[in-house]
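Going by the order they are written in, the chains are A, B, C and D; count residues from 1 in each one.
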Amino acid sequence: MSTAISPPHDVPAETRTNYLNASYGIRSWLLTVDHKRIGILYLISITFMFMIGGFAASLMRIHLLEPQGALVQPETYNRLFSIHGIVMVFFFLVPSIPATLGNFLIPIMIGARDVAFPKLNLLSWYIFITGSCFVLFAIVSGGVDTGWTFYAPYSSTFSHTSVVAAALGIFIAGFSSILTGLNFVVTIHKMRAPGMTWFRLPLFIWAMYATSLIFILGTPVIAITLFLLGLERILHVGIFDPAIGGDPLLFQHLFWFYSHPAVYIMILPGMGVVSELIAAFSRKRIFGYAFVAFSSLSIAVISFLVWGHHMFVTGQSVYAGLIFSVLSFLVAIPSAVKVFNWTATLYKGSISYQAPMLYALGFIGLFTMGGLTGLFLAALATDVHLNGTYFIVAHFHYVMVGGAVMAYLGGIHYWWPKITGRMYPDLWARIAATIVFVGFNLTFFPQFVLGYLGMPRRYAVYPAEFQVLNVMSSAGASILAIGYGIPLIYLIWSLKYGAPAGPNPWGAKGLEWTIPSPPPTENFEEMPIVTEQAYNYAGTEEEGHHG
Amino acid sequence: MGDMAAHGAVHDAHPPGFAHQFEDVQQQRDAGRLGMWVFLATEILFFGGMFTSYTIYRQLHLSAFVTGSHLLVVKFGAINTAVLICSSLTMAMAIRSAQTAKSKGTIIFWLILTMALGAAFVGLKLRFEWYRDYLEAIVPGINFVPHAKWGADAGQVQMFMCFYFFMTGLHALHMVVGLGILSVLVWMTAKGRFSPEYNAPLEISGLYWHFVDIVWIFLFPLLYLIGGRYPGS
Amino acid sequence: MAALTAIPLKPEAASSIAEGVDQLHYFLTAITLFFTVVIFAAIFFLMLKYRRRSPDEVPAETGEHLLLEITWTVIPSLICVVIFVWASSLYVQNARPPAASTEMFVIGKQWMWHIQHPEGPREIDELHVPVGVPIKLTMTSQDVIHDFYIPAFRVKKDVLPGRYSSIWFQATQTGTYHLYCAQYCGAQHSMMIGWVYVMTPSDYAAWLAAASTNESMAAQGERLFTQLGCSTCHVSDGSGRGPTLAGLYGKQEKLRDGSSRLVDDSLIREAIVNPNSVPVGNYPPIMPTFKGQVDEEQVLQLIAYIKSLASQERTNGK
Amino acid sequence: MSTYVGVFLALLVGTALTTWVAYIDLGAFNTVVALVIAFIKMTLVILFFMHVKYNKGLTRIVIVAAFFWLGIMMTFMLADELSRNWTPTVSTWNTILPFLR
């Protein structure tokens, strides 16, 4: 049924009123309260931030071609990795899928006209932009060299860079996350269409709900932590300074109380996207729907209990270390359950290899590796050796880039026809996906070896025996950069020259594919009434689903 | 308004204050209330980070924290607690007045009274506590002169005062925001926006106000009364 | 190909714990490889076997399978339990140094490692140790957080300002090994590196004799003890205003609140920089803080001196 | 109406009580009593002024979740801070997990 839908009223897509052509002009965008337009605003903003973070990463990889440093002074290198981390974590990965795809899709997927608080949604974007401006200001006003972790007392007392501006930027952007999470939780609770019960929700919604919980419960803690850090730096008095009995490890506790769950802010939405992609491109309901749904929630909860595994070598109590270690293993279980269920979904499916599916399958493989190498770091004895080395860098890039960014790109490709009404050239997209996969592995796999050999991270110069692996990594990074550049070109190209997509180019299930592409401002002409489970590809035709 | 026309036919009798994305008033009211509660949950964690740090350091440096605590005047803390409790009552009365169809004047009376009490709290805090602290040179970072008798504890006493100013300062900031919200509510009431059917802004602002009260209910004993005030404590 | 053979894949293993850590590492690597291969193979196989053959193809539902879900929840859980127990037992066994360890002292500062041997020799960014002897390092930082990392020994620990942390190792092979700072500490973090020289005991003794140009730490501490006036209160016969320090080190000491604490390096350090936090016995809290008057190196010398009194007999008045 | 006034009076009494108790030497229990009173006062405000007594389950879940998370933060951070100076001896470890040698 889904494949054969024609646009309602047989109006050509070009002339039908949709959210993109409903009004024109910069004001109509900057003052919009339409969740879809706000999603686009975020898309543009975070793409810009991604380029800044990516530029910093490129410079770092060029610099590391030579043991003595090929490009910049160590002071500059320190600023580069700090900017890379701060921008990529707080201004790209955290808002990536939630603020773009989440904003665009949550109301449509649950059959609502908008999020619960549209004005608050726009305010979130402005807050995000304000936070970004502070960080950009920190970059141009001398940079910041604390790393994205801002460990006291280096950041509070010793660094001579724009720490306050950067911390303030993250503090402000945190409120954007909080308000977005608040909006999503209320929307998912209160705005579902008739018949859209919790167990009929797409898994993307479950994942976004779990993510929102972390936004709400974790973000305020990083906000207060950076607030205290900023005050300590400005007033030269405070509570982390060991000179007056302060405990720098308390800063790390507070920091990781948010920042470990934040890892799941980045990966959970990716898991949600991948669930959608796997279902759509194998035309099957996700195997073990309830297990995948609940694993999202359990990941969100357990993620708050494991932060101490970042602190095994810091002088944290041995006993606390043991507790955090066992809980860290616990969080591996729901992740494993997801991977197995996704793989099982492929069984007896009808699998097509369009670009989004390639990203999704790449995600499963890379996330599996990223997750399993996490075991080395949850295990106390091996963590002692690997903590603070390139092994960590490789591990979290497998999860963050191989996982979250792959899923983000897959999601952008999958819903691009819905967002813009245009198709992109699938061949180019598949080529790009392959290049990204190859480039990614070449960049980050050598770093596992580097870490095991003992090369510490955040080193501007390094012993010569590590050079070969570093050169391999830098070579991979250049391939990866090409892989990220290609989609940017053809996606922009498709805005003007892409073939019209039609409402459901993939033959996928879900409310978003029942409405025209691009969707009208109000999403649904008539309120949908849901009568079937998500991903009901094989099910009997239950009409009433769409008008 | 164009977007509202699309489903306006289905819901033609919307009360004032109804937003287009909702199906009915009840949904809107539930969403608003849940939204505020979720926001308060984030506030609990926001203050919670500070309370946790405070608890840890109190454990580590008990004697210095007791010394610091004794620099504060219990009288003003207790009076301010009472003032805030009164303002919580008047806030609850304002909401109740709106829900029971009392006159605009009654609602505004309770709201103004709430504002007056809130302003009194901030005023007392500024004049009799922070200003006095400044004169006594116990404001870290601005004017702080350690007493000789603190001896080796001076650093940790200063840390206690940091906590004191950060926590009460953040609380006072919330009070000021609350006063701003109340002013808007007065204006909306005067415009006749509220009725027994529609008073959600009043209700959810009330939740916020009561939450700020609760924070103080904990700040008072934690900051002013730790370790007791009896002779020899 | 020459370049490929030049790629190192395994770090040197030169301490008593390295082999155990490596075994766990290989076990984890095997687990990782196994599951990665299984998942990749499954994906490729299923992709090919169930590729879409016609555009309208709609596969049948496969339904749920509770037993399968339970299986792949329980098996990873069991594997995790095994890893946890294995890793934690290694970690805990390595947490406490053997009683007979030789002590050395490390002070991290931006951006160098300052190392002091009890016999007196000081080193910068170099650490000479004898092979086959357990060495305990007591470490602190003068400024920011550093991290003392010797990959070949598989040991690493943050070096924090304001407190002591410690690691221990027993080198098993003579040689020269990297020493890194593994916690980002500012501009020249990557230059805060050095070398560990593991020598035969006889070579070490020779080195020590040649390097011992100044007096031992304890002797330096004794001189400081007099200079700072500590000896006016802490008199050795127990009649002073403060407790006598003879025979104190390594004992359980009663605090005023009734609890007792082991007198170790950390406690003495605390007592020097923040005396009120360790009110010992019934003495009045009159000791001033010596924070700012002594640097970390001098604190260590004072501790070495007090430690040297440990064998003396206890004659405490109160 | 009368409920509000009753709660209001209870809160005032609680404030007076907590201040009064602070001047009596209860040792470590001074803090406990002060916190218990504060907790009761908070519960009164939440139940009556904030209408949670009359609200459905979801509101309560949100409140409980927030305090649960605060509890996680406090418990785990204190667990580290308070046990930081304990170095495990092999013998204690043996009693916890005997098979670990």
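We adopt the following convention: a residue touches a chain if its C-beta (ideal position, glycine included) is under 8 Å from a C-beta of that chain, and two chains touch if they have at least 3 such contacts.
It should be emphasised that the depicted structure is a prediction, and the values quoted were computed from it without experimental measurement.
Compare each chain's C-alpha centroid with the centroid of every protein C-alpha atom shown, and the nearest one belongs to A. For the pairs A-C and A-D, the larger set of C-beta contacts lies at A-C.
Chain geometry summary: the mean Cα position of subunit A and that of subunit B are 34 Å apart.
Multi-chain contact residues of subunit A (touching two or more other chains): 189, 217, 221, 243, 245-247, 249-250, 254, 257, 315, 318. Multi-chain contact residues, meaning those touching two or more other chains, occur in subunit D at positions 58, 65-66, 69, 73, 77, 81-82, 85, 87-88. Counting only residues that touch two or more partner chains, subunit B has 34, 38, 41, 45, 48-49, 52, 56, 60-61, 64. Residues of subunit A touching subunit D in their complex: 189, 217, 221, 247, 249-250, 253-254, 257, 304-305, 307-308, 315-320, 323-324. Subunit D makes touch with subunit B in their complex at residues 1, 4-5, 7-8, 11-12, 15-16, 18-19, 22-26, 30-31, 34-35, 37-38, 41-42, 45-46, 48-50, 55, 58-59, 62-63, 65-67, 69-70, 73-74, 77-78, 81-82. Looking at the complex, you find that subunit B touches subunit A at residues 2-3, 6-7, 19-23, 27, 30-31, 34-35, 38-39, 41-43, 45-50, 52-53, 56-57, 60-61, 64, 140-142, 144, 155-156, 158-159, 162-163, 166.
Subunit D makes touch with subunit A in their complex at residues 58, 65-66, 69, 72-73, 76-77, 79-88. Residue ranges on subunit A touching subunit B, taken from their complex, read 22, 107, 112-118, 120, 178, 182-183, 185-186, 189-191, 216-221, 223-225, 228, 231, 234-239, 243-247, 250, 254, 257, 521-522, 525, 527.
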